[in-house]
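Think of it as A, B, C, D and E in the order they're written, each chain with its own count starting at 1.
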Amino acid sequence: MAEGYSPLLISLKTAILATAVTVVLGILAARLVIRLPEKAQWLTDGILTLPLVLPPTVIGFFLLMIFGKNSPLGQALLQLGIRVVFSWSGAVIAAIVVSFPLMYRTTKAAFEQMDQNLIDAGRTLGLSERYIFWRIRVPVSLPGIGAGMVLAFARAIGEFGATLMIAGNIPGKTQTVPLIIYTATAAGDMHLAMQWVAVIVAISLLSIGGMNIWLARQERKAGGA
Amino acid sequence: MAEGYSPLLISLKTAILATAVTVVLGILAARLVIRLPEKAQWLTDGILTLPLVLPPTVIGFFLLMIFGKNSPLGQALLQLGIRVVFSWSGAVIAAIVVSFPLMYRTTKAAFEQMDQNLIDAGRTLGLSERYIFWRIRVPVSLPGIGAGMVLAFARAIGEFGATLMIAGNIPGKTQTVPLIIYTATAAGDMHLAMQWVAVIVAISLLSIGGMNIWLARQERKAGGA
Amino acid sequence: QTGDSTDNINLTISAAASLKNAMEELTPMYQEANKGQTLTFNYGGSGDLQKQIENGAPADVFISAAQKQMDALEQEGLLAGGTREDLLKNNLVLIVPQGNTEITTIEDLGTDKAVQVALGEPSAVPAGQYAEEALTNLNLLDSVKAKAVYGKDVTQVLTYVENGEVDAGLVYETDAKSVPDKVAIVSKVPESSYKTVIYPMAVLKDSTQLDAAKNFESFLKSDEAKVVFEKYGFEPL
Amino acid sequence: MSILVDIEKQFKGFNLKVQFESGEGVNGLLGASGSGKSMTLRCIAGIEKPDKGRIIVDGVTYFDAEKKINLSPQKRNAGYLFQNYALFPNMTVRQNITAGMKKGAECTQKILQQMLERFQINELENRYPAQLSGGQQQRVALARIFARSPKVLMLDEPFSALDTFLKWELQCEVSKILKDYEGTTLFVSHSRDEVFAICECVAVINDGKIDRFGALRNVFADPMSISATKLTGCKNISRIIPLQDHCFEAVDWGCVLCSDVSLSKDITHAGIRAHFFEPTEHPGENTIQIEIENVIESQFKVSVLFKPYGKEVNRPLCWDFERVHFGKEPGREFPQYLKISPQNIILMKG
Amino acid sequence: MSILVDIEKQFKGFNLKVQFESGEGVNGLLGASGSGKSMTLRCIAGIEKPDKGRIIVDGVTYFDAEKKINLSPQKRNAGYLFQNYALFPNMTVRQNITAGMKKGAECTQKILQQMLERFQINELENRYPAQLSGGQQQRVALARIFARSPKVLMLDEPFSALDTFLKWELQCEVSKILKDYEGTTLFVSHSRDEVFAICECVAVINDGKIDRFGALRNVFADPMSISATKLTGCKNISRIIPLQDHCFEAVDWGCVLCSDVSLSKDITHAGIRAHFFEPTEHPGENTIQIEIENVIESQFKVSVLFKPYGKEVNRPLCWDFERVHFGKEPGREFPQYLKISPQNIILMKG
């Protein structure tokens, strides 16, 4: 493991930040969509699930088009001194994009499964839609949101195709564990690759385990019994 | 689109079959796991979510190890005249493996969110655990199961890394849409790539839309109101 | 634009993934000789690297596994003038799983001795392109095409051969040498049958460290570097 | 304060068509199971949207189909006690109660304490709904509604899960609160006694339609419709054939009785409350010679099922009377005749 | 048929420690809100697991902590009516009812029809629970339980959501079914009248413990404990100081009264049911001169709140009597004295 532990740290940092952002975005998106008429939802659902359907390399390619120096957005960001391509922020963006559908769809399902009576009760009590959402709908949907979080985190940790494209594969900077696995495999160094596979398996067991325990505690706090 | 429509057909066939299998496996796995003590669940969850964390190529590599000529299982299957490597069945297996965690985790969350009273009521009515599971728990958890299905289908349609490894990239046989997109992109034929991206976007919008509508109908049938 | 200060120079090199092992050995050598300079590598498929550069990836040097990508960047005016050089040559070899003695020449690919053959995807993998060219010229393409399995990269082709899933494969010599225990090199593919595989390199126009980048180029051309490249199966030019 | 409701809503198999108007005070809503009480309240609260009509509270239009007005539930400030409580499972009792209160630190605490005491749930403050019994949940839901003093108060069977003693105490508490309360209250209850103790007006709803609306005493004294008569607790109802003057033949009981008012043409049924028979030993006007079929004794009450002597009837009549000495064994002497005074005969339109 | 329950279960803030034994028949479970009625039923049904003790039904051990026996709910064949119904939301009324029935095409149909009629839900057969009113849901839940004739029947407030008339009809139906039923029934109700109409034995549960268990008449006639007295509907309770013979001073009422039995030492409270006062115009034994504080009139009943003349009391006494003529305005003459016969005084142990 010549690269030392930095891929591990980069992976964890990236996945944690990306998951945090995805969780918030996913919840907000689900919130917006469940308010739409049912007829409109098939379209939003289809679109918001796209990042899961497209091969990550294609996503990376689109991201490159969006954030690259040839795009207006990329230009604008460059003016502000922000460079997404070949930077850690690119890795985070890639991870957010690929993990988003998982969070969104799972959260939306949890919202839909909830007892509508509670929402109605909140409304007649004069609670604002915002309060009802954050203080009732979200806590009550915690099992679903938690599942979305676990999936999003796992996907973010494993992300690789899109990251490679937009953030590059730069040791110590954007080289995450999946990228080092890719590089090692490409260079025929199966031994190194398997070491890192072991690392990623360990991470995911630990972090998913940790998340499960944390979620169970939250639910116990919230759900009584 | 020199390859004609076959990548489309192969993709659809693969994804549909894989989703069907994943749905069943995911539901069964969720069923097994929710019965385990909470303490044991972090481990099972971690393990069953692994296929999402590992880069698809690594998964493909493991599948090759499992189903390849050098493995006992591969040998045994070959004796029976079944060849998984470089065949359509390989593509299906790859799609099942990568989409499984999505189905499993989402379904599990839906099961957990359900009103325990209904289960208890079923038990005191003398209904078998099997009946309670399939006729009450599953229908009541339909929004979550549906979300899992949509995610699994999307992931199966988009699957590419592992498929490529185990099923190869054989036009007319195992070349799915993502594979052709990858190939075209790598070759710098962005025009062809984008055509196929359009196809896959169309598929996913239509199929996810269709699934949403179907699910809404099921729920309306099942949930009243 | 070339206001290099002598220290704190950090060169970013986008290099074809197949160069990774050699570059890892060369890096400390270069940094020893050029105190204050560090090297950062970004490995990937040559096509991906090309796209990144086109979209503003801040690389100083690009080393491609084929001329095609370099040509594209040159046409787009993204290379620093006069810095493009051919660095290495690679050879296409015929490999078989360790222990397979049936196949002894490339012509055997056309016979029943080979049931399935792994090749790089011609449109995506340079090695696959060259292999197709060679097979065409050897009049084997029609018979091989029916038994071909295309890998998305060379690694995949190697894996198939290693595992005995296919009876033979065509890869670069460097790739074959990265897994010497598992695959056997049967023969080089006749050089006349395909265009020479050249790894070109160039400094990129947007580099702010032109001098250091050029210095790195000349280091790669040096004799001590050549020894390392040869060790990994390249033919330095 | 005033409330005007005039709405229609169609379901598959059920049509709601409710119309009433009332001022300040407590309005009872009586109706059989499935008659549309909860649905009416839900429409007023803004949870269901009627197909047609309007709802105006205190001059504010909550809903008007024609003018396309449909105020959000939040803006209606209507306190609705859900039949199944709808407590927030993720909040403690305290949080549930304070959730709906306007912010304002000090006062919040004071009101909370008041509510906890009033509904006898002090010790449950930090529990979650899942850790409460049915009756405890109901009390928390009540406290939650009262804590925010809404403009319209809608209580859907507020005491259904409470034991007699507690029900009695809370009924007192609630009626005290309601006396000082300045808004309109709609009170759904299945218990006549509860309605009688708390309400000033009553609406009787039958199969989605208001059958009768008026002051409590009037409705109970003269329910007018069959459904209202049943709901106010009358056990004896018979079809009638009007004879001359104030008299009629009670078809189901096989006897002739007279009322103190003259029978208008549309009267089709008559009713006698089981408590209103008076035992006597002599025949006379409105007096039936009885043949006892069955005697059911309960704690404080004896129910005697009887028919007019020698007649065949579809369904026996019921005479209830209070027992003053508990524990006396049956075997007492029953009277030979029962008399019913003309002013106690209820006349109904089919 | 027999049932033996002897269990303990601890919660944070609540301990259940219930012990009773009974044969065939209908056993009422009376208890204040939150006293542990539902929890007891849940333990018997096998939904909650007690910490200690055992449950034996008809010779079959359902639960035995020591022997580590804990039969699954399925094997217990106990029909438990959930307080919140727990209907399956994904099944129609018909499917809900037939779900628990043993297979057997013809019979299933017959029983289904019978249940639909009995509980007056024929027309709702194809509806989903979300499309039903509260009372309709309750009836479906009842039908679902009765459709499978379980060994132990546990009804948790089965009529709480029904209107008076329907409640009366279903009470008759259920008591008819229960008469023919060969198992044991546990019946939780908050309505004394219901318990009186249906049950043979009663257990009174107070704060998790059985206070009193016995035949209906005995428990109501001599409840013995304060909680049981309250739950059987006695509104007047006072601390006492025993005097010589059968007499005592009622501290809270400020008067001396006498019972017909001698007071054992542990008697600390006395009670008088509000119905058991008899008006009289002359002073005498057990006769109180009254000073009226308030008169509450309801449909058939008048409640007079009074205190002994010239005394200061913490809480007035209550005298209820039936009104025979409805609609008469108040302003009537009330008696000067109320008498209570010695055998109607309830004596309780603290």
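Rule of thumb we're sticking to: a contact is a pair of C-beta atoms (placed from the backbone, for glycine too) under 8 Å apart; a residue touches a chain by one contact, two chains touch by 3 or more.
None of the values given here were measured: they were computed from a predicted structure.
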Both-way neighbours, i.e. chains that touch chain C and touch chain B: A
Distance-maximising chain from chain E - centres being C-alpha averages: C
Interface residue overlap between copies chain A and chain B, same or different (over half shared): same
Averaged-CA centre spacing for the pair chain D and chain B, given as whole angstrom: 56
Chain centre separation (chain A, chain B; CA means) in Å: 19
Computed distance of Cα centres, chain D from chain C, in Å: 88
Contacts with 2+ other chains: residues of chain E: 84, 127, 131
Multi-partner residues of chain B (at least 2 other chains): 57, 61, 182, 185
Overlap residues in chain C, where contacts from two or more other chains coincide: 48
Contact pairs between chains, per stated definition: A-B, A-C, A-D, B-C, B-E, D-E
Sites on chain A touched by chain C in the complex: 2, 57, 61, 64-65, 67-70, 74, 78, 83, 85-86, 164-166, 168-173, 183, 185-190
Residues of chain A touching chain B in the complex: 38, 41-43, 45-47, 49-50, 52-55, 57-58, 61, 101-102, 105-106, 108-110, 112-114, 141, 143-144, 146-148, 150-151, 154-155, 157-158, 160-161, 178, 181-182, 185, 193, 197, 200-201, 203-206, 208-210, 212-213, 216
Complex contact set, residues of chain E against chain B: 45-47, 72-74, 76-80, 82, 84, 86-91, 99-100, 127-131, 144-145, 148, 150
Chain E residues within the chain D interface of the complex: 11, 13, 30-39, 83-84, 123, 127, 131-136, 138-139, 156-157, 160-168, 190-193, 196-197, 217, 220-221, 230-233, 235, 273, 275-276, 278, 296, 298-301, 321-322, 324-327, 341, 343-344
For the chain C and chain B complex, residues of the former touching the latter: 45, 47-48, 50, 68, 72, 116, 121, 123-125, 148-152, 156, 159, 163-165
